[in-house]
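Order of writing sets the labels: A, B, C, D, E and F. Residues in every chain begin at 1.
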Amino acid sequence: MTSLRPSGRAPEQMRAVTLQRGYTRHAEGSVLVSFGETRVLCTATVEAKVPAFLRGKGEGWVTAEYGMLPRATHTRSEREAARGKQGGRTLEIQRLIGRSLRACVDRAALGERTITLDCDVLQADGGTRTAAITGAYVALVDAVTALHKAGELKRDPILGAVAAVSVGIYRGVPVLDLDYAEDSDCDTDMNVVMNDGGGFIELQGTAEGHAFRRNELDALLTLAEQGCHALFAAQRAALAE
Amino acid sequence: MTSLRPSGRAPEQMRAVTLQRGYTRHAEGSVLVSFGETRVLCTATVEAKVPAFLRGKGEGWVTAEYGMLPRATHTRSEREAARGKQGGRTLEIQRLIGRSLRACVDRAALGERTITLDCDVLQADGGTRTAAITGAYVALVDAVTALHKAGELKRDPILGAVAAVSVGIYRGVPVLDLDYAEDSDCDTDMNVVMNDGGGFIELQGTAEGHAFRRNELDALLTLAEQGCHALFAAQRAALAE
Amino acid sequence: MTSLRPSGRAPEQMRAVTLQRGYTRHAEGSVLVSFGETRVLCTATVEAKVPAFLRGKGEGWVTAEYGMLPRATHTRSEREAARGKQGGRTLEIQRLIGRSLRACVDRAALGERTITLDCDVLQADGGTRTAAITGAYVALVDAVTALHKAGELKRDPILGAVAAVSVGIYRGVPVLDLDYAEDSDCDTDMNVVMNDGGGFIELQGTAEGHAFRRNELDALLTLAEQGCHALFAAQRAALAE
Amino acid sequence: MTSLRPSGRAPEQMRAVTLQRGYTRHAEGSVLVSFGETRVLCTATVEAKVPAFLRGKGEGWVTAEYGMLPRATHTRSEREAARGKQGGRTLEIQRLIGRSLRACVDRAALGERTITLDCDVLQADGGTRTAAITGAYVALVDAVTALHKAGELKRDPILGAVAAVSVGIYRGVPVLDLDYAEDSDCDTDMNVVMNDGGGFIELQGTAEGHAFRRNELDALLTLAEQGCHALFAAQRAALAE
Amino acid sequence: MTSLRPSGRAPEQMRAVTLQRGYTRHAEGSVLVSFGETRVLCTATVEAKVPAFLRGKGEGWVTAEYGMLPRATHTRSEREAARGKQGGRTLEIQRLIGRSLRACVDRAALGERTITLDCDVLQADGGTRTAAITGAYVALVDAVTALHKAGELKRDPILGAVAAVSVGIYRGVPVLDLDYAEDSDCDTDMNVVMNDGGGFIELQGTAEGHAFRRNELDALLTLAEQGCHALFAAQRAALAE
Amino acid sequence: MTSLRPSGRAPEQMRAVTLQRGYTRHAEGSVLVSFGETRVLCTATVEAKVPAFLRGKGEGWVTAEYGMLPRATHTRSEREAARGKQGGRTLEIQRLIGRSLRACVDRAALGERTITLDCDVLQADGGTRTAAITGAYVALVDAVTALHKAGELKRDPILGAVAAVSVGIYRGVPVLDLDYAEDSDCDTDMNVVMNDGGGFIELQGTAEGHAFRRNELDALLTLAEQGCHALFAAQRAALAE
């Protein structure tokens, strides 16, 4: 079975995960997250303003932007700033990151502030959006902690942890945490965002090859639960440093 | 229980579905699909060309574009053509429609042709993307049939039917086919795309309020299977006319 | 003579005109107008705001936007939202519609409100801009009537009716209400916007082939007057329903 | 009567018209046209290529672009290049200029070449589009003459002269060649493009205040014919220098 | 040595410089500057507003925009308004002009006003940016003088004169004020902006061919000092008229 | 004197410079360059194509793109991809980087290939463009070495080394390698690009406060020569590893 995956990993084996806090110095939270060779810089910026639709409501906002350096990938992709717009994939991913992180924040407790999570992929090897969500949570906590230390919060706006992992059916076998070689050659690919209470926040599954059945879905969800369990542990360890 | 839903529907009850073929005259396929008050015009256009990445490979392409008339909604939304770009939601939906329809087409059998599915929402009341997928399938079949009658195809490129429905947890109860009143006030919202062989093509679930549990997910998937089953019957009936 | 026009119409014969009110449900006015096979959905939206240059002047504004669904035409045209901008033809037409409708509104009586007329072509067969103006007038009246019933107006801001029709010289003969087959093959094409007091609001004539003479112009204007006369009757009948 | 118009002109009196050839040195034709204080630089550029839709048909193309320097007007208007797009008015005018000039060119005789007429307003005082058409014709002739001298043409592609003038109803009186003071305060404004055979090429009339009647239209057209007659003489004189 | 330069000029010889004030009538300052065949229209617009970052600080702003008419050059360049954005060269030049002119203005003395310098190239033959800076200074002085005469200034905001010239190494020889023939074929090209106190405001040197040495740089700077000296005299003469 | 600079550095003292090769894995060259707290990721991509203006000439091309992560700075700057265009500062810098690197490449020896240098600022503390040029040179050499090892080059296209440093007059004293605290508060700021033969490639000096004199310029250039000398040593050391 170990020979199934190009990387030699067992089906239920994640890549090495690291969460390096304080990677850059200006942001209120700055985390370099690695899922194997995938490396994403997640920064959290706190600003004392909210979007127009929230003004005067006493609530905060959490949003995300996603980018990929042109040569994060095997072949160079065009710089979106040069092309003059963000592509559909970018918008889809940053909307997902934003929704996922909002799910763990009590926006009333945050007050009229916006936290922007910038997730920029320095090196891509599959799973950039799940790494981004997992790392952005740690950056978010650091930014909120800074607010708290500055006496700007009455209560903790963090409702719980959020993490994400991909699962998929590769050559007929459900596997956890797809890398690029698997992702570009699998039948089904699913991104799962969970909270540390065991609930699902987002589920996005796509049959790239044949359609998947209920029992396959069940196997994938079980793997994803295991993966997120490990990610919550990694987040706690990083935040305890 | 009947009083739970604003529309008075039972939890497992879909809205009335109609599929009106030949709604406009120029397109190779043209279907007005209604899910209750949601009305989407789906046209299929066949062109003898493929995107650059497919040229010379003998394969065809299926893609989709989605739009919403400015006053399809309760309050007028800005026209994307005037704003100068398609929003993230639009791009996300049209990518979903395109992937879903490609899943039911044998692109080698289609030959070097592109079929573009334009899904334009005339009136919105929740579920526009699921209605669009369900209607676009019928328009696609009409366009392929026309090709077939013209002697341009050697074998049928349609691999099976595709339909989509939304499910969600509304006031604690799993319900089928959310309308706008439910969609804007539910805890969990999931769009499910299936084929008529009982397989899942896409699954996109979002916890708007509290995260959902495995058993809730199971109940939603069972509802979605029932809904798609009914939609396949409606598609067959429309195509038999 | 009846064999001159591709449609078999007499030179002074318009196509069948229908004005279907309440075509969609959210807009304050919503009219599907048909000039033969040309079908345009015209919605009127009322908003309690005015453009910056009118703020605080106690006057209202009337504006229009025009769009064409990609497959309203014989061959698919690119979606303007995807292309990232509205083309010159679109801007020219929507400016014309806006000017035409403003000509029948007492903007002081309207108060500080904007009425936006969205004219979206579902199916095109020539004359989309004249159908749009004729239908938008009915949608505008419905929107104003709704304001009136809500007690929001002190006096009626509608100064009179507005309608539009095209005329042209086709194979040497002046004809009324050109369809696509004629429009794409005529020498002169003129769009005439009139009010029901018999005055001209806009006149846009273009010699596509040879330049036209004063006597030809006179013949065209006489036809246009007849056509608008018939359109005012159709508008009155629709509004009386 | 002389006191009617702000400039003291008689109703049928045009402003002084000058056509200065060779105003800049690089273009194949370069004319500074003045209608009173309105000054437009019209250059004609010849390029050995045609748009995609004409390739291989042995025909040429004539097109126009229009611009206004930011401070050509009383108050500075935003630079369209900085704003990132050409406005509706600009597109409308440059489409009109292009159609008008194409009406006087035998495109088969031109061969597979494009002549681009750039009309840039250095100073505006009403009537920029009519001045542009009148001046662009002279620049076009100069460019065609240069081609002819170089032995690149078999026959003359110029079918006749084209000129344009505005007319309007100012304080109840039909007047010729409106300046800015009149244009911004008149009831009806019409731009008339004619050829020197006495035919009409374009007619664009707009009722800014009250709608105009057939007899008013007749008076305006008669004025326009007189104005164009004078412009053809000015063009001939300039080309004879 | 006189035969070295294509124009026959001596190495230290500038082209004829003219500064024609009041070239157009609407702007507060309007100067047509010529450096030989290079002609740039520089207008100064005064507006009673400042950019957001300066509001309420009691200071003014000076900024510039640069454009080139499409046929100012040997071959037609695409219109930036049509292309939808200003190119890098345009942005670079207008930023340079803005910085250079701000260097001679006491912004506190100007008060909360913005002066915009529009520099539009009517004809290009090398050195458009240096001509633009030199001419814009005169337009700026005219605009400030108008403010002063209107009693709107308490003290003179002009700190001194600003002028600019290019220098370069052409066929091994340092030369002053490069024209197009030299500019497109030289080894080193440097633009030098100075004030009339003998100080340097900007220095932008580029080695197009071989890198330049300290002694070459010294020779170029000496030439530039001579050139600016002559330009200050030309500015004073123009302003004395 | 050591107390003059906020960092405590001596006037002629550069910040610590590091050049980390192989920072990411996909690019042909990938260098993380640090000038103190300024950190820029420079990647070199080799592609077997050239821009249209070079096709068929047997020459290669070297170009650069520059970007700044939104939170590389003290306060978050808007993402250029989201804003829909690159700003003037970005375009100016990437044009400078491209010109500087082209100055050290024999493009005929490179053959019909393009090398793109992407310089993305992870953390900014002044001097990002000089760090980018210095680091991009090392990435370029690595990419060329890879081509050479693959037997794709007949001769070495690298003509010599290129490096850049900033100098400025801070509180009256000429200083080397300005950090952000100095850069935002200095009188004169100059970026100097040199080759290792002692020649100047680019010189861009701006007087932010008072204009600078010849003797100040001389002192700055001497400092810059010292700085570049040290940078060439650092490049050689990095490439020798």
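The definition used in the following text is that a contact is a pair of C-beta atoms (placed from the backbone, for glycine too) under 8 Å apart; a residue touches a chain by one contact, two chains touch by 3 or more.
Please read these numbers as outputs of a predicted model, since none were measured by experiment.
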Which listed pair, B-C, A-F or A-B, duplicates the contacts of E-F in over half of its pairs: A-B
Separation of mean Cα positions, chain D and chain C [Å, integer]: 28
Centre distance in Å when chain D and chain E are each reduced to the mean of their C-alpha atoms: 33
Cα-centroid distance, chain C relative to chain E, in whole angstrom: 51
Shared-contact residues (touching 2 or more other chains) in chain B: 84-85
Overall pattern in which the protein chains touch one another (line/ring/star/complete/other): ring
Cyclic chain order - from chain A, heading first toward chain B: A, B, C, D, E, F
Of chain B, residues touching chain A in the complex: 85, 87-89, 91-92, 94-95, 99, 103, 190, 194-195, 197-207, 210-214, 217, 221
Partner chain F, residues of chain A touching it in the complex: 24-27, 30, 37, 39, 41, 43, 45, 47, 65, 67, 69-74, 76, 79-86, 90, 116, 118, 120, 122-124
